[in-house]
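Before I ask anything, here is the structure I am working with.
Chain lettering (A, B, C, D and E) follows the sequence in which the chains are written, and residue indices restart at 1 in each chain.
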Amino acid sequence: RDNVQVAGSSTVLPYASIVAEAFGENFDFPTPVVESGGSSAGLKRFCEGVGENTIDIANASRAIREKEVKACAEAGVSEIIEVRIGYDGIVFASQLDGPEFTAFTPSDWYNALGQKVVVDGALVDNPHAQWSDFNADLPAVEIASFIPGTKHGTREVFEEKVLLQGCEDTGAMEAMISGGMSEDDAEAACMAVRTDGKSVDIDGDYTETLARIDSNPNGVGVFGLAFYENNTDTLKVATMSGVAPSTESIASGEYPVSRPLFFYIKKAHIGVIPGLKEFAEFFVSDEIAGPDGPLANYGLVSDPELGNTQSTVADEHTMGTNM
Amino acid sequence: MNDMTLLERGVQTDDIKISARNVEVFYGDTHAIKNVNVEIQDKTVTAFIGPSGCGKSTFLRCINRMNDTIDICRVKGDILLDGEDIYDPKVDPVQLRAKVGMVFQKPNPFPKSIYDNVAYGPKIHGLARNKAELDEIVERALRRGAIWDEVKDRLHSPGTGLSGGQQQRLCIARAVATEPEVLLMDEPCSALDPIATAQVEELIDELRQDYSVVIVTHSMQQAARVSQKTAFFHLGTLVEYGATDRIFTSPEDPRTESYITGRIG
Amino acid sequence: MPVSWIMIILFALAVLGYVLGRRRALASAGGDMRNLHSLPSYYGSHVALFAVAPAVALLAIWLVVQPMVISSSVARSFPDGAISEGSSLSLVMSDVKRVADGLNVAVERGALSAEEAGSVSAGATNIRERLGSVGVALGSDVDSSVLDAAQKYRAYASTGHLIMTLAVLGLALTGFIYGMAQMRAEFRARNIVEHAVKALLVFAASIAVLTTVGIIFSLIFNTIEFFKLYPARDFFFGLTWAPSFGGGSELGMLPLLWGTLYISLIALAVAVPIGLFAAIYLSEYASPKMRAIAKPLLEVLAGIPTIVYGLFALLTVGPLLVSIFGREGLNWMQAGTAVMTAGLVMGVMLIPFVSSLSDDIINAVPQTMRDGSLGLGATHSETVRQVVLPAALPGIVGAILLAASRAIGETMIVVLGAGAAARLSLNPFDAMTTVTAKIVSQLTGDADFASPEALVAFALGMTLFVITLGLNIIALFIVRKYREQYE
Amino acid sequence: MSDATSGGAVPAAGSRRHGSILQLDARTKKRNAKEARFRAYGLGAIIIGLVFLVTLLTAIVSNGVGAFQQTFIEVPVYLDPQKLDKTGNRDAAEMAKVSTFGYTPLIQQGLLDLVDREGIDAPFEKAGDMKALISASAAAKVRDYVLANPDALGETRGFELLASSRVDGYLKGRVTQESVERDRNISAEHLQLADALREIGAIRKGFNSEFIFGADASESRAEQAGIGVAILGSFFMMLVVLAFSLPIGVAASIYLEEFAPKNRLTDLIEVNISNLAAVPSIVFGILGLAVFIEFAHLPQSAPLVGGLVLTLMTLPTIIISTRASLKAVPPSIRDAALGIGASKMQSVFHHVLPLAAPGILTGTIIGLAQALGETAPLLLIGMVGYIATNYPDGISSGFLDPNSAMPAQIYEWAKRADPAYYERAWGGIIILLVFLLTMNIIAIILRRRFERRW
Amino acid sequence: MNDMTLLERGVQTDDIKISARNVEVFYGDTHAIKNVNVEIQDKTVTAFIGPSGCGKSTFLRCINRMNDTIDICRVKGDILLDGEDIYDPKVDPVQLRAKVGMVFQKPNPFPKSIYDNVAYGPKIHGLARNKAELDEIVERALRRGAIWDEVKDRLHSPGTGLSGGQQQRLCIARAVATEPEVLLMDEPCSALDPIATAQVEELIDELRQDYSVVIVTHSMQQAARVSQKTAFFHLGTLVEYGATDRIFTSPEDPRTESYITGRIG
């Protein structure tokens, strides 16, 4: 096999494909193959073992888990290089000429989607039908939100950074704990989404969310920053706690909702699969992954610590060993 | 043809059930029936005889418009049933066929039980008001088809599991169950033994009391036994038509004579 | 000799066998094939068959068995202490194999000479690098025990290969001679050849069985793994489906199963009547021209990618239904995505499954059946309903089952049309989802691949497999009962 | 025996009407009405089916025709030796070190110069401002040209480059002056400039052959993406599917229907096959990954593997339809052949199989259509993603080199963020359908040759 | 049965082609053939007669194992062809059927051209070395089937488009084309006119010179005309078997007599 084989996250795919294309144009190596199929499926194949019939790089929109590392090692994939390429911003957007959804806080989302919310000091099953029911600044329209389904890593981020935060902010968390729940239970309860149809899980991709919003003027959806930036002519984005999402505000940490993106290299394949290392280095080079590179241009929030990442790749520094 | 003059006289008598005028039938380019004129009387048995492939079945199938189902078949000329043109666009072939029943040359029982085979016609025509009546009709038809004794214990086993002759009689029973006014029978006894043949002939005779029966047969004897009128076909033309006795005793056309005496095929 | 060469030789032998066998058989019959038991070509085929079939079988078995035998014997000779901490014999063995293969590849590509390859030692050259340069990846550095084992492996393998080549070619020749020896006029060549053909047919039929076995095997381990992590009771009888990343997911499959059933039912309620009526019209009423056009056109419906149907459901049918059954209308429907939306659209997709297959079957019912009925004064529709359809029933049921199967297996339309909500509800205007949709989403999701949230996909697949098996058994019995055979 | 006469006791049931055949009696009228209704249902069913088809096709075509047009931009580029060949010795290896990033500014400068030269009034000063107009693919095109013709260095050459997807969208009406107001990638001034360039003929719309013959592109270059390589991927996959599923499917059906003893085992196989039809296609992907890639060590992302997986998936469809049509052949045909001393095998292959051919072909059409449009199993064997980048350079590499397939490509495009890809996805569907229709027409012609009623 | 004693004597003569011993046939639970013993001589025409449904076809189909194709049909007892048990597992039914040809009761032409219908047998048995020889065989067979004149101009039109009697003759031609040693004919003339019947009977007579022919017929006359031996079946049993002359002139069993004189059916 003479081409680099990459698989994994569909969130990372756009970036990886931009890099692969440029790599193919500028190097004599064949263009790497970048498959999609999800972080989990990619890592699973990554951990199948070493050898030509396994992939070289797994893209992931989350960090590899402990159990997965173990499974990998059991199959002989013991040396893994972890590369963080940047961050994926998560934004809340609605139809361009729909109601004025311009500013949200985590509390708003919790009030809109939480299973149990605090109303007049008491914890009750979520009674809110319209956004204005709990926040007079929000439009008086039916709540119709399209959030990532439980298969998406984005959902986890949404739950932790928005719902849980909102739960704490609105005092629901406190009410739960004082109502006799353990902290863990309360956290879990905070992240539970109402099931009466006001919130729709999207198991597909952002295109689907966009289509849903297209056909429902009151809909608010959760998107990746890159997706939004390519569709500014149909979507308008809302601020979160007063911060507008942009690569800058996310990189600086002001905008709260984002998640890191990674890829994992099978060290055993370096030097074996032609172009593997070159590809990895090219990926994290300033030209590509830097704040002015094509990735950032496309919507990737470039990693402020890109330098470290570059040296990790250059040194083939594997996980679990010290620098 | 000179033998036709004999018939022309009968045209206006009201006991004419079917009259065919200048009928021509084509299968694609094959000219299967050539200018046939014939008048079939009511309450009579008419026999069609003639060598194999001369067009007997074809003509028979014209009478109840079964030829409609053959794509390449075209029929010209008029066929009148009780003075009404059956090829008139206003005529519903379904209603026609209910009146003009048919037993086919190759027995074709439905892949259903014997009972259902016979009950099918009465059911679609609504001849029975209830199950008991239907049972009665089925039994009567099977008896008339001379097959009741053989199948009465297996009415609910498939009709396709019968012997050749049994299938043929089943098809006869099926046809009479709907009480048609005219019954067309294409070699109804070809697979039957003499006794069964006799029973079917008896049936034909009985039917003649009320209805008109047309029967295709290869057996001169049978034609002579059951029919009052006989039509002899040859190479698609109706060569001679007349009272059975006369045809068999003093045929006018030399071809008829050769056929009857066994010289042409 | 490489396997491809052996195959070419065998092929040549087969051709030769055919020609010679045929000639010899004819000669034994004095040149007149009427004296032969079978047609001459059967004799030729017989010789070809005997020359090739046993040899190929041997070759195939050998190719599968040899590596197993060799690796177990190499593994047995592996020093006990040589396996390092955190590794296992099987891992080391896969390295051994890779090193051995790598050395062979290196020789082939000229990176090493044959002697060099035979004498490399662990210390002298960096094997990992050199093998890497010819594209062979090793999980770790090569130590001497691995290298020794690899050399042993290579030695065994090349000996084995030599023996195999001789055995296979020998067998082929024996078969050839044996086949030729039988070329007498009275020899029943056709029977033998037909037996071989029948064996091929059996083999083809068994591929379907092997597929099933394969599916079960590729699902079963992960399914077991899943049930170790998640109680089976909760899975089978749980009423809630709520996976979550942090653990504590509820993975009851009943809502999914219900969704599957509901959507399939609606889809069939659309596809079966439309498809069947279309089939009847095409085969019984339509002019040949219309049939020639309409049938293939309907078949196009089966070929439109399901994603198009999904978008159609989402963008066209959903909003349309909402405008009728939604808040402004009857107020039964909350949003465009619902069981009804997906079911309707899926039904459209399935129309050709029912219509085209049924049309062929109906068309095959002999005309005499129709004549029999029409001759009794039945209308065309009575004929169709009471004579033609019952006669065509087994085939039609097959077509419907196929459509049902397709409905159960469909994802895209469900995802886009029915929503992703796992819900137990009777209202067809509620969003629901199906087992298949969830298999796909859990399998391609972000959950840790060793977690119950990901493994549940396998358990779902397995369960669906068993359930549809049950349904098929029932269908088989029903068809048996109502089967009608014409003539 | 006197069967024939003994039935006389029964009253002639339902005394027959002796009415005219020209006048329908009430019952016949009712039956005819039923008949008419039945017939209307049939016609209605077909019309419903066709209406759906037309709706879908209209949607597909109206969404997708745009993909067959593409906007090009003609730019004179000064190939600056200082930048492109720093050593100045025209050494190919040295020149190759200048990456596409080095070429981009030259092209942009070229366009800016053109704007100035033509005296177009535009508020742009920096070369970088031109970026929004030109596709990112332009640099690679120029670079390839230079590497192939080092002599051109130092000269100004005109290149016909792809316009960016936004400009393309503008010319096609997808993007408007208003809608770009919020667009970070392009501004309304750019669009005005595009209009001006169009006036002078530097920008023009043309037939997009690249779309039909080209390879996939990355997310940021919708304008460059083509489906050509994926067509080949699908083509090779379909070859595999056809080569395996038809013979195996027919052979299996023949065995089960004609030869297998009717016992529990065959029942099991029969049930088993119809059950396979209900297995979700992604499970076949799991199977394919385990068997063909992990066990048999076939290459990943290869059409061969995809074809094998789809073969397994299509088999049940073909087997079920083949068996149904074998069953429909009347037994008398088999008897006739056996009666003159044909073996069972001969009777089947010479008589039964040709009569069953229409049904077999129908099954094949439907099975192949399904296989041609299937994505889910390809996801697991690595044929979905950013894959089809090069044409295979031979038959065997067609089967073995990584490739995608049309539906996978379409699915990928439909997911991508750039709205330009949405149009391509629909365009891809048009091509997929054309491919499908070609396949069907062949099968249909064959089918018609075998069709006859006996 | 006492009439069997008559046959026992013949057992050892070497001109016995087929001998059936204690044959029993069941269709599911129906006992269709009961303990039949019969010896059919070579170079003879044997006629099976008996009322419809008595098991003639069933027994005929046993002789070349066509009953194998009916799932529910079971055959017990031995049938020897040239002294060899045809139900022996070693026997290849295909080879058997090539030797023992059959014309079915219901004409069943292949849905192919007339030519192909006839050429099929010779082709699979390798009887012709080339096209010309095959043409010759086909023509000869069609001539023997007394249908050549009617079809010689349409050899390549479908066999299913023929009239009933033509189909029957086509099937006869198809069967003789393969030159079987024994020819089983199930009512071969049922759909034929007298002349065609005469031609087929002539054929049968001709075939008798070399082969053995078994013919099922409902026509006593035909049996008397063509056969040397006659077997009378009734309700599944072989009632009487002997020289045709004797059977028709002095039947031993009262049932035979009643049948011949037309009293039982």
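Here, a residue touches a chain if its C-beta (ideal position, glycine included) is under 8 Å from a C-beta of that chain, and two chains touch if they have at least 3 such contacts.
Chains and their UniProt names: B, E = Phosphate ABC transporter ATP-binding protein, PhoT family; C = Phosphate transport system permease protein; D = Phosphate transport system permease protein PstA.
None of these values were measured; they are calculated from a predicted model.
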{"item": "Each chain counted as touching chain A and chain E at once", "value": "C, D"}
{"item": "Chains most often in contact, by C-beta pairs", "value": "C-D"}
{"item": "Nearest-to-centre chain - CA centroid comparison", "value": "C"}
{"item": "Centre-to-centre distance between chain B and chain A (centres being mean Cα positions), rounded to whole Å", "value": "83"}
{"item": "Between chain D and chain B, distance of the C-alpha-averaged centres to the nearest whole Å", "value": "58"}
{"item": "Centre distance in Å when chain C and chain E are each reduced to the mean of their C-alpha atoms", "value": "49"}
{"item": "Approximate Å spacing (C-alpha centroids) for the pair chain A, chain D", "value": "31"}
{"item": "Multi-chain contact sites of chain A, meaning residues that touch two or more partners", "value": "1, 10, 37, 41, 52"}
{"item": "Touching two or more other chains - residue numbers and ranges from chain D", "value": "1, 31-32, 35, 289, 331-332, 343-344, 355, 379-380, 414, 454"}
{"item": "Per-residue multi-chain contacts in chain C, two or more chains", "value": "190-191, 311, 367, 379-380, 382, 443-444, 485-487"}
{"item": "Every chain pair meeting the contact rule", "value": "A-C, A-D, B-C, B-D, B-E, C-D, C-E, D-E"}
{"item": "Contact footprint of chain D on chain A as seen in their complex", "value": "1, 3, 5, 7, 10, 13-14, 16-18, 20-22, 24-26, 28, 30-31, 33-37, 41, 45, 48, 52-53, 55, 205-207, 224, 226-227, 229-234, 236, 287, 294, 297-299"}
{"item": "Chain A partner contacts - residues on chain D that touch it in the complex", "value": "96, 99-101, 136, 139-140, 143, 175, 179-180, 182-185, 217-221, 289, 293-294, 297-301, 379-380, 382-387, 389-390, 402, 412, 414-419, 422"}
{"item": "Touching residues (chain side chain D, partner chain C) in the complex", "value": "31-32, 34-35, 38-39, 41-46, 48-50, 52-53, 55-57, 59-60, 247-249, 251-252, 254-256, 259-260, 267, 269-284, 286-287, 289-291, 312, 315-317, 319-321, 323-325, 327-332, 343-345, 355-356, 358-359, 362-363, 365-366, 369-370, 372-373, 375-376, 379-380, 407, 410-411, 414, 429, 432-433, 436-437, 440-441, 444, 448, 451, 453-454"}
{"item": "Chain A residues touching chain C - in the complex, by the definition given at the top", "value": "1-2, 9-10, 37-41, 43-44, 47, 49-52, 61-62, 65, 67-68, 71, 73-78, 144, 149-153, 155-156, 159, 188, 191-192, 195, 197, 200-204, 208, 211-212, 214-216, 266, 268-269, 271-274"}
{"item": "Complex contact set, residues of chain D against chain B", "value": "1, 3-8, 10, 12-14, 16, 18, 20-22, 24-25, 27-28, 31-32, 35"}
